[in-house]
Structures are given as structure tokens and as C-alpha cells.
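Pasting the structures in now, so scroll down.
In the two complexes below, chain A is the common chain; its partner is chain B in one and chain C in the other.
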Partner chain A sequence: MYAVETIDLSRVFELKGRRILALDGINIRIGKGEILGLLGANGAGKTTLVKILSTLLLPTSGSAYIHGHDVVRDAKYVRGIINLVSGGETPGYGMLTVRENLWLFSQLYGLSSGIARERIEMLIRDMGLEQYRDVRMHRLSTGYRQRLNLARGFINDPKVLFLDEPTLGLDVINAKHMRRYIRDWVDADGEERTILLTTHYLAEAEEVCDKIAIIYRGRIVAYETPLALKASLSDGVSIQVELLSNRTTKGSIVEEISSRDGVLACMLVPSQNVVEQGDHGGNARYDGSIDGLTRLRIMLDDDSKIPDLVSMLVMNGYRVLSVRRDQPTLEDVYMRYVGSMGNEES
Partner chain B sequence: MVMGDLMLNLKAVYARAYVRLKGLLREPHWSIAEVTIPLLSLSAYVYMYTMLGAPSEYMAFVVVGGAMLAFWSNVLWGMSAQLYWEKETGTLTYYLLAPASRMAILLGMAAGGALNTTLRSLSILMVGTLLFPVEYNIVEPVALLIVFLLTVTALYGMGMLFASLFLLYGREATHIADLLQEPIYLFSGIYYPVLSNQILPYAVRLVASIIPLTFGIDAIRLLLIMGKGMGDIMLHIVGLSLLIIVLIPLAYIALRRMEDTSKRHGRLTLRWQ
Partner chain C sequence: MAVEGHRPSPIGRGMSTVIRTVVQGVWLGWKVESNWTNPFVFLTYLIAKPIAGVILVGLVFVIGSSASGMGSREDLFFYVFIGAVFFIYPATMTVSLAYLVHEDRAKYESLKHIYITPASLTPYIVGRGMASAINASVSVAVSLIIGSIIFSNHFSLPLSIDVVRVDYPALVASILLGVAASILLGIILYAINLITFKLQYSLAEYTTGVLFLLSGVVFPTSMLPYPASLIGGALPTTHFLNAVREALAGDHAYTSMAYLLLSTLALAVISLACMNRVESLARMKGTIDRKAEY
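Here is the complex of A and B:
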């Protein structure tokens, strides 16, 4: 029996007479003790899948099971063995303290006073919330609110925990703490505990997940271990190119390169800086450039294409500062699968 | 299993009520405003009746009406709109994720709200009694307690029904709450007796009886001010009991339907709709 299983799961939304296919025949099987990372862009279907699995939404067709129990027919049982934590959500009532909020949620699962008290203290300690135990929730910083939210997710010691972008908006330290806790929690009882983690952050998925599924426009386009996914790119070459240019339309370089023969995917590597456009500083653009310097990550099917690519860039007015060959990363995997799907459909 | 479910739901009722009661203790300044504002409104009516030379019991009618009005405000804004606001703030998801029954959550909200508002209502009654020349004539205190409990139960049953409907209709619900607020002053006789006199046409009085507040205030006035007993308020007791029998199962059905419809259309946790 799988911890989570979906069979041809689909979900259609009706919006102003339009039919939007949010999930299209999803088939996944997550074993007990696994952490599955679900990667996908905004609107890819990640949250819709999590909502169906956590009984908050009905599927249009297909079926889904948690520990063998149908999420529609046995919804009440399923609710007792799952929990969900979404990033950026309010973790409870602002006027209640950390401890009171956790107690409130423990009671919704019928925990006895003794077990509730013990678990609340354990979670407060594990989440580093000791000094905020009796502080009202509205006085907590974003990071500590999210720690409280995560503690709430563990309050019923769920068999399956859904984490929907749990590190959204968190600083590096809080995000790292959360990732470490998630991994340790599953490893502490790998026979019973399972996590489905949706994220935009590829490094996060690579760090904590046993398997990764890439979802694109409601379909699973890749589903493997991170190592196997990276190995699947052995036929390709990943390079990073640094360019200098006076051209103002940097966006078009990606299209130019992507359309070339032998290029599997191309993307701008975001710099640490956000370049503000215009005098008013109103429209910030995350375009991977600093003072004309542009970094590109390019997947090629063969390294013999590199010289031609560099020639093309030089002829187009770019000064190529460096070309570096990289080991494939999860980012390359994502680019390859999602990029190729995008090209197919365009 | 049944025992386990019962315990789970009782814990959920208590936990949800706890939030309401903690709110009262943590933010007492709200209570001051909620006691003072109705007192200001009812003062205007007391002075008007005094100026017109109305019988002295009319002052007591107004004070009792003002005290009971606190329940209606709480049912509308603290109960009916609550699930909707829980959705907007994100806490509704946590209730829907849990195995506790949704009715237990609503019951907890109602119990907490009723206890909270009873304290506020008693404060209005006490301050009103101290400020104005009000006299009470209680013959059967037990009957008074029964009518009060029936009224509050029926009122919060209506609140539970509204809570489901408001959640389904989203933002429009706040307009419905607005719409329901003012007419109640007229139809339920907050500041004047409506059932025991013939001022309003029969049809209007009949419609007004659907609102538990109408029966409740009239019966409480009869028992608290007019020196009447159980025998004189049997119609009120039957009316309130019928309302409870109808409203609470209706709330249950509406809640089930709301949840099913929302899950079907994906609106259950979608905000600002």
C-alpha cells in the first residue's frame, strides 16, 4: 500500500464559461517514508493536487488514496492522518499565544490533555519557539509565524504531511531550519511518515526530497530520484555563459538562443541584484544582468555546438566574457522538461 | 467509535468556544465600546418616552430591548459572518483539514459567542437599570431562564444557518448582514412591544416571528417587567422551540451543502470571493 496514490486524477475549473484543465491524468505513487518534491511554475497544478489530496477539493475525475483510503469517500478518516502547511499563511489567531494556538489545533484532532501538552512542548522546542511560547501570534515575525505554522502541521503527528511552498518568504536561516526539520522528521520514523513538498526552489527539492516530480500544465512530465533525473541529462551539455552587451532588449537573447538547432533549453541566471527600470524605480525586473553583464545557462545536445553558439553571440553584438561547462543540476532538468514541453506547445 | 467521535467533537466545540472567550479577556476595550454604544441608542428612546409621558414600563422595555440587541449584533457579525472571515484570514482551512465535525466548529463559535454576549448583555441591563428609573416584576424566574435559554439557542441556530450561507455567498454576505441589521429594530420591537400590541399589521408580525429575537424579547419583557408567568408565554415557548427544531437541522443541511458545493467549485478556501 502506498502512502499516497493517484490514478488518472484530473481537475477542471470553470471560469466565466472557460474550462481550465488544472490537472490532467495525474498518476503518482509515494511510498511510506518518502519525501516527494513536486516542482512546477505558478499555475502548474501543484496546489490543486495538494488540495484534492488533503480533501479540500473534489477531483473532476480519477481517484486519490491516502494509505489506501479514498480522499472523497473516506475524507473524514483521511483528515485524521494528514495535515497541510502552506507557506505565507496565517498560522492561527493573532490574539492567542503560540501555545494556545497549538492547543486549539490539537483539540480539533481530539488529542488528550496529556498528549497535547507533551506534543506542544516538543514542537515549541523543536521549532525554536521557546522564548515565544506565551507571546501572542500577531507579535511574531514572518519567520516565527511560519515556524508556528509548521508546528501546527505536526500537531496530530500525521502519517502524510503536505507542505505547499513552506519556505515561501522565509530568510535563509529559517528556510534551512525548516528543511532540516522536515528531513529529520521523516527519517525518525520512515515506516510511517511521508511528505509531499511543493516548491519553486529547486535547491530545496534537491536537498530534502527522495524523489522529484515535475508538473507542467497539470501533467507530470518527469518523476524520478534527483540523481536519476540528472543522469537523464547525460546526453546533453550544460554551460554557463557570461556576456557583456549594450543592447537593451536582453529578453530576446534567450529566444534567439532557444530557437537555434541543438539548444535544448536556455535561461537567464538571476543575479543577486534586481535592476530597477526607469527613473521612478517602480518596475523592478529580475533579468539576470548587472551593468550590462548577462549570465545565461544553456543546455546543448552536443558540445560541438559551443563554437557556433559563441560566434552567433559575437555577431549579434555581445562580448563573451566566459564560457564554463557545468555539471547538470536540477535546474537543468527542470529547464529541459518544462522547456521542451513549452516548445512543443508553442 | 461513536464515543471517540463524540469526545473529538466536544473537544472541538470547547476549543472553538475558547477562542471567543479568550478574545473577550484579551481585548476588553471592545466590550466597553459594545456596552456603551447600545446604551447611547437606548438612552435616546428612554428620553423620548419620558418626554411623551409614556407608561414607566416603557423605559424597562427599552433597556431589555437594548440588552437583547447585543445578541442580534453578535449573531450577525460575530457568528454569521465568522466562517467567511475565517476563510479570508486563512484559519478556515485548518478547521476543514481536521476530522472534527464542521457542526462542532459552528457550535463552538455559537457557544463562545453566546457566553461572551450574555456577559455584555447583562452589563447593558445593569447599567441601563442604574441610569434610568426602571422597575422589574419577576414572578417566575425559572420561566425567565427557560425563555432566555430558548431565545439564545434559537438565535444562534439562526446564526449557524447564516454562517453557512454567508460562506457560500462570499463577499456579498456582508451586504446581507448590513441589510438584516436595521430592519430588525423595527420588526422585532427592540425599542417597543411588537407582539403584545397591534401597532404593526398582522402579516408583518407573522413575518417578524421568524426572527427568534421577536418572540424572545416579548416573552422576556412579559416575565421580567409585566409580572407574567409561564402560562402567559406558552405561545412564545412553542414558537421558539419550533424555530430551534427547524433552524439547527437547516444549519446542518446548509453546512453540508455549502461544503460540497464549495469543494466542487473550488471555492472553499479561495479568498476574496
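Here is the complex of A and C:
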């Protein structure tokens, strides 16, 4: 029996006469003790899948099971063994203290008061909320409210935990802690605990997940371990090129390269600054440039294509600062399957 | 992991979860609605506003009755004043339950998390409604006392309540039934707001307005034009106000109470069916965690 299993799961939204196929025949199987990373761009369908699995939304067709129980017909049972944390949200009542907020949910989950008290203390400790135990939630900073939100997700010691972009809005250190915490949590009882985590960050998925599913326009386009995914690219080479140019139209160079023979994928590498911004929940702009410096990540089917590519760039007025061969990363996998990091909403 | 060491029988367990959820609802409602961090605002909301409403109704009566010279002024005043005071129950409670959807869904972002617990929404709403009933009781008591003092001293309209004649058991029973009916009405509004977004604020206002007209607050429902009088007669709020008036006057309240009980039971069937239907509809439409119309 799988911790999570979906069979041809689809969901259609009707919006002002338009039909949006948010999920299109999803088949996934998550084993007990696994962390599955669901990776996809904005609008790919990640949240929709999580909502169906956490009994908030009904599928249009297909079925989904949590520990063998149908999320539609057996929702009551399923609800007892799952929980959901959405990153960037801070649910709870401002006039209640940290402990009271957790108490409320412990009671809605039907925990006996002894177990509830014990678990609340444990979670308060784990999340570093000790000095805020009896502080009303509206006085906490956003980061601490998010810790409280995460603590709530563990209050019923769920068998399956859904984390929808859990590190959204967290600073780098806190995001790292959270990833470590959830990995340790699963490993502490690999027979019983499972996590499905959605994210935009490849590095995050690579760091904590046993398996990665790439979702693109409501379909799973790749579903492997991080290693196997990377190995699936071994037929190609990845290079990173640094260019200097005065040209302002960055899009055209990517298109130009992508359309060349032998190029499997090409994308702009976000600069360090841009990545930081993204980690803080801001809208990362993947324009990959600071002051005319452009970094490109290019996948070629063969390394004999490298010289041609470089001379093409030079002829187009770019100054090529460096060309470096890289190990394939998950970024490359993503590029290969999805093509671009652009917004999928059309 | 088993949540509890020993498991009581499934029925006992189910029952105790329901009761626990109600208790949590009451506790949370009390915490959320009684804003003691800002006592001035809270007291205004709890005391000043309802008193102002009751006095307004009283004044309209004073002006109206002196112009038309109707029958016994005291009796009419009793009718209107008690009606306005006890109407505070359905008015407060339906409004607070209708707003509850928006508060939990958008303001506190907690609705989806409450929804995905094994606890059902209905006992939670009932608990929140009961908390609101506690607040409404304070408003009613204060309005009753202060209102009657003002009207007897300044408008020579004494409230003819003889504390010895009051049928207290009937009064208490009527209030309990009235509270139940108000919660059930609130559940219907909650259900509507759960699957829609446009009426978050207005629905409660419309409903209390219509209830005020149809429930015989300031004039008996028999004075309403035909179809409206029929609706008024079917509303538990009408019988609630009548039963309270009769119990306070020491009159025979049992006919009104029987009507109140029957109409409340009918309402219970309707509102539980509504909630049942809406819970799955909301899940189908995805309105449980959405903050606004898509």
C-alpha cells in the first residue's frame, strides 16, 4: 500500500466560460517514508494537486488514495492522518497565544489533553518558539508566525504531510532549518511518515527529496530520484557561458541559441542577487544579468558543438568571458523537460 | 500513531469529538469576539450599540403612538420594547455567523485548516454561535435594564413586568430555543457565504432587516399583508418573541412555545441539509480556501 496514490487524477476549472485543465491525468505513487518533491512553474498545478489530496477540493475525474483510503469517499478517515502547511501563510487567531492556537487544533484533531500538552511543548521547542509560548500571535513577526504554522502541521503527528512551498518567504537560514527538520522528521519514523512538498526551487528539491516529480501544465513530465533524473541527461553536456554585452534584449540571445542545431536547452542563469530575492518570496526575475554580464546555461547534445557556439556569440558582438563545463544539475533536467522557466499561464 | 491510549466505543468517541468541537468553538468565539485588548471598542459594541437600537425603536413608538392615540399605551410599549430587546439575539447571532466565513477564510486564513481536521464544521459553527449568544445575553440584559429606566423616568412609560408573575422556566426555555433558532438561521447564512463571495457583508444586513419586519418585533405579524404574514408566522423568531413576552407577562406561553419548538425543528432540518449540501459543493468549487472570487 502506498502512502499516496493517484490514478488518472484530473481537475478542470470553469472560469468565465473558459475551461482550465489544471491537472491532466496525474499518476503518482509515494511510498511510506518518502519525501516527494513536486516541481513546477507558476500555474503548473501543484497547489491544485495538494488541495485534492488534502480533501479541500474534489477531482473532476480519476481517484486518489491516502494509505489506501479514497480522499473523496473516505475523507473523514483521511483527514485524521494528514495535515497541510502552505508556505507564506500565517493561519491562526491573533488574539490567541502560540500555545492556545496549537491547543485549538489539537482539540479539533481529538487529541487527549495529556498528549496534546506534551506534543505542543515538543513542537514549541522544535520550532524555537519557547520565548513566545504565551505571547499572542499578532505580536509575532511573520517568520515566527510561519514557524507556528509549521508546528500546527505536525500537531496530529500526520502520516502524510503536504507542504505547499513551505520555504516561501523564509530567510535562507530558516529555510535550511526547515528542510533539515522535515527530513529528520520523516527519517525518525520512515515506516509511517511521508511528505509531499511542492517547490519552485530545484536546489530545495534536490536537498531533501527522495524523488522528484516535474509537473508541467497539469501533467507529470518526469518522475525519478534526483540521481536518476540527472543520469537521464548523461547523453548531453551542460556548459555555463559568461558573456558581456551592451545589448539589452536578453530574450533574443536565448532564442537564437535555442534554435541552433544540437542545442537541447538554453536559459539565463539568475544572478546571485536575483536568487536571494526569490528566496525571500519576492518575484525573482530571471533576466540573469547585472551590468551587462549575462550568464547562460546551455545544454548541447555533443561537446563538439562548443566551438561553433562560441564563434557565433562572438560574431554577434558578445564578449565571451568564460566557458565552463558542468555536471548536469536538476536545473538542466527541468530545462530539458519544461523548456523554459517562464510563466506557464497563457 | 494512535492518537489516544485507549479508544472508547466509536459512538462515544464520535459524540465526544462533536462536544469537544462545540466547546472549542465557544472558547474561540469568546476569545475572538470579546476584544478585551480594546475594552472601549468592545463595550461599545456589546452595550452602547444595542441600547441605542432599543431606544430608537422606543422613541419611534412614543412619537407614533402619541400621534395615533391607539389603545393601551403601556401594553403596546411592552410589546415593542420587549420585541426590540430580545430581537438582539437573532440579530447579533446571525450577523456574527454570517461574518464568520469571511473572518476564518480570509482574515485568519484558518478555515481550510479547520475544514481538513476530522472535526465537522457544523459543531464548530454551533460553538461559535453559542459564544455569540453569551455576548447577546449581556446586550439584552443591559438594554432591558437601562432601557426600562430611561423610558419610565423620561417618557413616563413604565415597563409593566411584575417580577413575581414572570414564568421563569418558560422564559429560560424560550430563550434557549430562540438561541438555537438563531444559530440555525446563522448556519444557513454561513452556508451561503461559504460557496459565494459577493454577499460576505450584505447578506447578514439584508437578513436581519427582513427578519425585523417579518418577526413581529414592533407590530404583530397579523398586521402584515398576506404572503408576508404567512412567512412571519412560520419564522421561529416570531414565536420566540411572543413566547418571551408571554413568559415575562406571566401569561400562558405554551402555545407560542410549541410553535417555537416546531418551527425550530423544521429550521434545523433545513439548515443541516443546507450545510450538508454546501460542504461538498464548496469542496467541488474550491471555495474553502479561496480568499476572493477568482
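Here, the second predicted complex is superposed on the first by the 325 of 346 C-alpha atoms of A that agree within 3 Å, B and C clash if a C-alpha of one lies under 4 Å from a C-alpha of the other, contacts with A are read in each partner's own complex, and residues count from 1 in each chain.
Operating definition for what follows: a residue touches a chain if its C-beta (ideal position, glycine included) is under 8 Å from a C-beta of that chain, and two chains touch if they have at least 3 such contacts.
Everything quoted here is computed from the prediction, not taken from an experiment.
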**OP:** Report clash or fit for the pair chain B and chain C bound to chain A in the combined superposed model.
**Re:** clash
Original post:
Of the two partner chains, chain B (first) and chain C (second), which one does A:I115 touch, if any: first, second, both, or neither?
Top reply: second
**OP:** Kindly classify A:D74 by the partners it touches after superposition: chain B alone (first), chain C alone (second), both, or neither?
**Re:** neither
**OP:** Could you look at A:E192 and tell me whether it touches chain B, chain C, both or neither (first, second, both, neither)?
**Re:** second
Original post:
Does chain B (first) or chain C (second) touch A:M95, or do both, or does neither?
Top reply: both
**OP:** Applying the touch criterion given at the start, work out whether A:D157 contacts chain B, chain C, both or neither, answering first, second, both or neither.
**Re:** second
Subject >> Those residues of chain A which chain B touches in one complex and chain C touches in the other >> reply: 13, 51, 54-58, 76, 79-80, 82-84, 89-90, 92-93, 95-96, 100, 104-105, 107-111, 152, 156
Subject >> chain B partner contacts - residues on chain A that touch it in the complex >> reply: 11, 13-14, 48, 51, 54-58, 76-77, 79-80, 82-84, 86, 89-90, 92-93, 95-96, 100, 103-105, 107-111, 136, 152, 156
Subject >> Interfacial residue positions of chain B with respect to chain A in the complex >> reply: 4, 7-8, 11-12, 14-16, 18-19, 22-23, 26-27, 89-91, 93-100, 263-266, 268-269
Subject >> Residues of chain A touching chain C in the complex >> reply: 13, 15, 51, 54-58, 76, 79-80, 82-84, 89-96, 100, 104-105, 107-112, 115, 152, 156-157, 192
Original post:
Which of the residues in chain C come into contact with chain A in the complex?
Top reply: 1, 3-5, 13, 17, 20-21, 23-24, 27-28, 31-32, 35, 37, 108-110, 112-119, 124, 280, 283-284, 286, 288-289, 294
